[in-house]
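Take this structure first; my questions come after.
By written order: A, B, C, D and E. Residues from 1 in each chain.
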Amino acid sequence: MKEPLLRVRDLKTYFVTERGRGTARAVDGVSFDLYPGETLGIVGESGCGKTVTSLSILRLIPEPPGHIRPGSFIEFEGRNLLTLSPPELRAVRGNRIAMIFQEPMTSLNPVFTVGDQIAEAAIVHQRLSRRAARARALEMLRLVGIPDPEARLDDYPHQLSGGICQRVMIAMALVCHPQVLIADEPTTALDVTIQAQILELLERLQAELGMAIMLITHDLGIVAGSADRVVVMYAGQVVETAPTPELFTRAQHPYTEGLMASVPRLDRPPAARLHSIPGNVPAATDWPSGCRFHPRCPYAWDKCRAEEPPLLETGGAGHTARCWLVAEPQRRMRRS
Amino acid sequence: MTAWLVRRCAAAIAIVFAVVTLTFLLIHLAPGTPFVPSDERVLDPAVVDGLRRQFGLDRPLGVQYVRYVVALLHGDPGYSFSLRRPIGEVLATTVPNTLLLSGAALAIDFLLGAAIGLYQAARARHRADVVLGNATLFLYSVPTFWLGLVLVLVFGQHLAWFPVGGDRNPVLYPSLSLLGRLGDRAWHLALPALTLGLVGAGGTARFQRAALLEVAGQDFIRTARAKGLHERRIWLVHTLRNALLPLITLFGLALPFLLTGAVLIETVFSWPGMGKLAADAIFTRDYPVVTAAALLASVMVVLGSLVADVLYSVADPRIRLGKGGARA
Amino acid sequence: MSAPLVDVRNLVKHYPGERAWLGLGRPRRVVRAVDGVSFAITPGQTLGLVGESGCGKSTVGRTILRLQEPTAGQVVIDGREVFTLGARELRALRRRMQIVFQDPYSSLNPRMTVRQTLREPLAIHRLAAGAGADAKVAALLEEVGLDSRLARSYPHELSGGQRQRVGIARALSVEPAFLVCDEPVSALDVSVQAQVLNLLMDLQQQRRLTYLFIAHDLAVVKHIAEQVAVMYLGKIVELAPAAELYLAPRHPYTRSLLSAVPVPDPAAQKQRIVLTGDVPSPASPPPGCPFHPRCPHPKKNQRCRTEVPALRAVVPGQLAACHFAEEPM
Amino acid sequence: TRPSTCRGDYCGTLVFAAAGQPDILLPPVSVQGLARDVYQQIFLKLADIGPSMNTLGDHDFQPQLSQRWEWETPTRLVFHLDPRARWQDGPPVTAADVAFTFQAYTDSQVHAESRPLLGGIVSVTARDSLTAVFAYRERYPEMFYAAVYHMYILPRHLLDTVPRPRWATAAFGRVPVGDGPYRFVSWTPGQSVELGADSTFFLGRPHIRRLIWQFVGDQQAAITQLVAGQGDALEFLGPLDNLRRVQQVPQLATYPYKSSAYGYMLFNVAAPLFSDRAVRRALVLALDRDRMNQSVWAGQAKVPPGPMPQLWSVWDPAIRSLPYDTAAAARLLAQRGWRAVGGGGSARTRGGQKLAFELLVPTTSAVRRQYARLIQAQLLTVGVDVKLVEIEPNVMQDRLAKGNFEAAILSYQADPSPTAGVTQHWGRGAPGNFGHYANPAFQRALEAAGHGANRPEEAARAWREAFSILNDDAPAAWLYAPNLVAAVHRRVADVQVRPDSWWALVRTWRIPADRLIDRDRVER
Amino acid sequence: MTPRHWAVLLALLAAAAIGALGLRAGTAGSDAARRFFRHPTAAFAVGVLLFFVLIAVCAPLVAPYDPSAQLEIVQLQNRPPSWMHPLGTDLYSRDLLSRLVFGARVSLAVGTLAMLVAVSLGAVVGLLAGYFHRWMDGVLMRLVDVGLAVPRIFLLLIAVSLWSQLPLAILVLTIGLTGWFATSRLVRAEVLSRRELAYVDAARALGAPPARVILRHVLPNAVAPLIVSAALGIGSVMLLEASLSFLGIGVAPPTPSWGNMIADGKEQIATAPWTTLSPGLAIVLVVMALNAVGDALRDALDPRREAT
């Protein structure tokens, strides 16, 4: 196997909430690897720390209230991103690692033209002249398949639809040909038909440019269709990692299992009732002790309440799960 | 855009007309009489009556109003009672002075205010921010005229760095070179403009700081940061440019505020402007001047907000192209 | 089949653009949010209304309940014609029809506790007061699966799913027969979404409710609706029983919509029909078939550009508005 | 770098700090005092009052435009104009101008303030170009004063084309052309008026080359201007505080002068409360006017024995007037049924009605405002509740004229002539008799004094009698007759301040060549 | 000034400090209070306001003299601060501290009442215009345009000149009546944005009549900006009252207000600066405190302000 491009180890990002209710441990010891050229899907429910993880990689966490705990480690090209000086960090941001966000409309500056915004990164990182940068911007618009790119160059974001805006975001992120593209729920705000267009585009671009994509989503369908490997997060932790086919056939963690079962599906006849995971996602300020999923877990026993499981190898290649069931599979049998 | 402008202008004219009517009626309903000597003398009521007749004040109010409006439409705002000269002439000397004062104050207000606001926002919640925050709050809370009185006392009388009043040196001015004249005017302008400008800058800085911080929390600033931009560029280009939009709105609202301040500051600094003229006219019941001043003030205010709107639509592309301009 | 509880005929809703002359003059440039929509819902059944963002789904729901005045059309609910009612009769009819909103954050008054929220309809319609009202509130909370201790909470203290349940309880408090559910689960996480969907289905069973279920997620609609209407740019382009529609969609739009939904099964990845372009603005709809600029149908021709296809029965019970509904793609 | 070329005896520039603005520089139609300060430098009278300020007869008057005059008959006065007199645009000043001026002053369409004073003159005719003849109806002591004091001779050739009803706004009044020591240079409304010396002036070239009135907001601003060295002269410093402020400034000299002003609290006799003479007397008795004088003027003023400025020759401390006696005041009030309830500090009542009245005072006068508040506090101690109504002079004037007031603090800038002054304000039905005071005895005494011919001791007795009657009736409480102080820059020599018209003698002031400062030397 | 007065003054100072700190401690549990007191100056500002309110309420206890008593019109005129007269005396030999203390009553009352008039009128107009839209909106907002087109001081001077003698109630009323324009716009904007919210629709769907919708659902949620603008409004009214006094129209003498204290002292500003300094500083302090509180309230009442 190749060397990982990006290695995240024991990432802890906490927020000091002023509510006097302690610290929100939004990301609490997350580790995973991103390999060159792959698409890594990160799934999980709202509030489980997906966005905070991705922001932490580029150190975009607002400080205060947030801070990345010492001991966290994000290796990229042999350096720890978390200890880079500001100029070094800027040289990575937008240049080696780029990011696109969930809300394309609000993530673009409303008072600058699309062309200017795309060209900006090229001017800053590659010291292109204005004209060259503009040419590059045009090229990027073409690359992301925007019709009539010359005319769009001088448009403002509000003149564009959500789908086009997301394409512009992608063009902006890719303008310096980064190694890594972090896409934080790039299609959640879009309609299905547009979502399909964007996913298709990302696939094509990855094939053409050979970058690694970290695709964050809460939609298992998207992961199934687009990701090579999947990281499932729950309550600020990684609860399961596996290659995509493996995950969908042999999910080990009860949370992953429950998640899959509760999705209404187009490809199967409707059941009378949907499966549902009882309860709610707990608040980041007080995760349950022991296994964080135990209050909602149908299999939980004493050990789960008392002791937090580590990520355990399940036997499948690159398949790990944070669940005592991996160690004691018989208990799953007994319940089901 | 033209249609919009035409509509705005029509509305503006209607507003100005309403203001004139309102002022005319109110000031004529107020008790008191024009033509009273400002020194301690008692005027023969017969003389007053004669003057009233001469200026048409013996007619019923309705007749006076109609006459006034008709004359106004013919471009004749009448004669000032207390200055005994055509109002056009009176305004021609006072209005430029007020514009000069408000203009200078506006410049101080917005340049200084915006700069302080930017500095504060970029250092939000640091010491400098807290200190400046209190300073701007102080300026914002100070009665303008009181600050003016204090400044006159300190810088005008005791230190004698600035003149204590007036808009020019009446002795030297006629013999000065152009440059000398400009210098003289600037020197006289300094204290009143600073007083008015500083008080305004207090408010503007606070507003600007809030606006910048609001923008700083938006998604697209995070995008800019993710692009690897320098913090300076993020503040000066991405944040500031967006935060200027609310500032433009404030700019449109600043004019009435400045005119209000001008009434007081012109009094404190004996600045021969429209504000003082108008206040004096109200006190001396110089009806035509009051109405003319109200007319002009409302024109200025309406124009100010019009300019602000136009500026806004120039600065904000979302408005520039009109609503529903989205092209797919 | 019994007579429909809700009968919508040729519903039209146009939003006027901005008005000239100080807001008093003639409006300019209308938005044709809903442009001639007809359907009927049998008592105790669910009609799913799907379509992309901005196609007019919410407007249909809101106009039927007369939260907005219609531009034209007729709606009969429970035998009464909604659009001709006076204020008093309308208020009475409001007990029969209710709405559940999408956004769990804005649909509850942040300054009212759950109890106050739920007591309000009881007070408006004088259904219960005092201890009776409290008992009713407790019963409602129980019915939607909430702990009655939550009655004292404010909305911001509740999770999204809990809020949505309170919203449902509020709608149920006046014991309506007909419920418009405007994307009630779109904002919820999958695990919670399942809980709420189950709840809605249970309630329908227990109370014999009739639903107009608005959603953009075809999978969700498939799960809950007996009938499905697909909207595009203010018009219904396909209307059919759920089973038929999902099995054999007739309109090219429905087909591409279905193909675009990602399926959580890496093995079952099928061929996506990726549409080009975006949904046009309802302020300037294209002439002819509203879908023609994006239509992937191989037979697309000049007729599509000029002639508006009527919504017609392609096979019995399955209506589609396409000139080539019979042809395979 | 400034041009500073003027040297010698005729340089001088004076800046007068002026709280106010002139209305129009056309003598008969102007109503503002400041306008007179300015136009009296531009226009001449036939003759001017002498330093004694005596208004009786003609012997204390000094030639001005006329070289000399004579009485052809007891009721015909002939003026011989100075042949050197020229209008500033060239033509000589002629008797036709005098006749024209008289017509203008007496024209009902011009509304000259002094028109009533000219009532005794039947006609003015030009006998030849330098001889003007005044014909009177009858003889009276101030007949010469009436002819010359208020009438500034106007240029017929410039004004006879202006229709009389338009004089009030005549353009001439904005760029006047006269025959006096100074010619008009410029006037910017709201800013300043500038006059320049007429070097060919026939009575002698003025030493001060430029006169500039700079308009400032109020008295306080004027003093600040003076103290800051931007002004040269101010005729009136106001209360004690200001005097102290000015006296600390080395470059300023102060010039006390007898003022022509006096102040008083007027009761409206037509108001129910003040129709009662005893109440009026009680209120006057209750006021410690000496102490108020100390407080406001630091003793610089005197409490007048009647409605008179210190300037008048009829001033006589022996005139009978009411003393300060709160006990007597309280007794009087009690007698009239006004009972004290509670201690001091609350108003007396009668039949459930409070002993209270409104006292009008103009916002613009610091001195009168100060008096009003002192009065308010002092009267409260005898159980009278004074409601201060501080209003703009324009409203006050209106209410006075309409009789819509109970009491007011007035201040009067008097003519040098007591006859005109007293009659105008206390004569029955006189236009200035706002308080509606009327007493036949007083009226008789007044007439006797006015017609006292040229026998001074008889006149003085008549005046004393009249004022004593007035004081007994207490239609007003006389508050102050100040000794005013003017401040003028020390470099100015030969400063004379005239009580009736401060700057009337400016043309005789001078700045010695060795004391010239920058602003004197500036060449226009 | 006896020891008793000093004691009362210090006691009130302590009470204000304790009150402010106590308030902060007492409300520590609530989110809004926490957001409020997060502002560095909020507690101090609350203390200042409390102090002045206490002083105003207990004026007769704090003031060593009758505020309009002329103690000795010759000897005690314009005395600089001393132990007997901690803030000095004025031209009329009145004790400035006593005047300041009683002036607090008037100034705060005028500020509060005029603001109440302005804010309630603005709220009503804004609600009507915002909720009923169409012609009502058009008419009312044009009215507001006219009101905003004349500088307020100008409008006030004219309005005030209608009375030759200005009763306090009229002063309050005119200040209020000329001050609601901006508020009504604010409320209208707020209503317009709330009008479309789902919970308002829900109430309508439940059959709630317009009055109920406005009063229970729209108004309470539009009230936060209203409270903030009220806090700021008191300050601006106080400044306005001072300005009017400066121009010679304001609270009638001898009743002290901070504005007419400055106006009374302005002629002595060169020779007895303390006569204008203390009321001037009092105004500045209170207006600063009100602004600080307004700012803090803005955060406190808006849960979205969590992060900033």
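By our rule, a contact is a pair of C-beta atoms (placed from the backbone, for glycine too) under 8 Å apart; a residue touches a chain by one contact, two chains touch by 3 or more.
Quick caveat: nothing in here was measured; it's all calculated off a predicted structure.
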Most C-beta contact pairs, which chains? B-D
Centroid comparison with chain A (C-alpha atoms), farthest chain: D
Taking the mean of the CA coordinates per chain, how far is chain D from chain E in Å? 45
When the C-alpha atoms of chain A and chain B are each averaged to a single point, how far apart are the two points in Å? 53
What's the distance between the Cα centroids of chain C and chain D, rounded to whole Å? 88
Which chain E residues reach two or more other chains? 142, 161, 164, 248, 266, 269-270, 307
What residues in chain B touch two or more of the other chains? 11, 31-32, 157, 267, 283, 326, 328
So which stretches of chain A touch two or more other chains? 161, 164
Name, in rising order, each residue of chain A that touches chain B in their complex. 55, 58, 60, 86, 89-95, 98-99, 101, 103, 106-113, 120-121, 124-125, 155-156, 158-161, 164, 169, 172
Could you pull out which chain C residues touch chain E in their complex? 22-24, 62, 65, 67, 90-92, 94-95, 97-99, 101-103, 106-112, 120-121, 124-125, 156, 167, 170-171, 174
Which residues of chain C touch chain A once you look at their complex with the stated criterion? 52-53, 159-162, 189-195, 197-198, 201, 216-220, 222-224, 246, 256-269, 272, 274-279, 294
Chain A residues within the chain C interface of the complex: 45-46, 147, 161-164, 191-197, 199-200, 218-225, 244-245, 248, 258-260, 262-267, 270-278, 280-281
In the complex, chain E residues that touch chain D: 66, 68-70, 73-74, 77-78, 91-93, 161, 164-165, 248-249, 252-254, 266-272
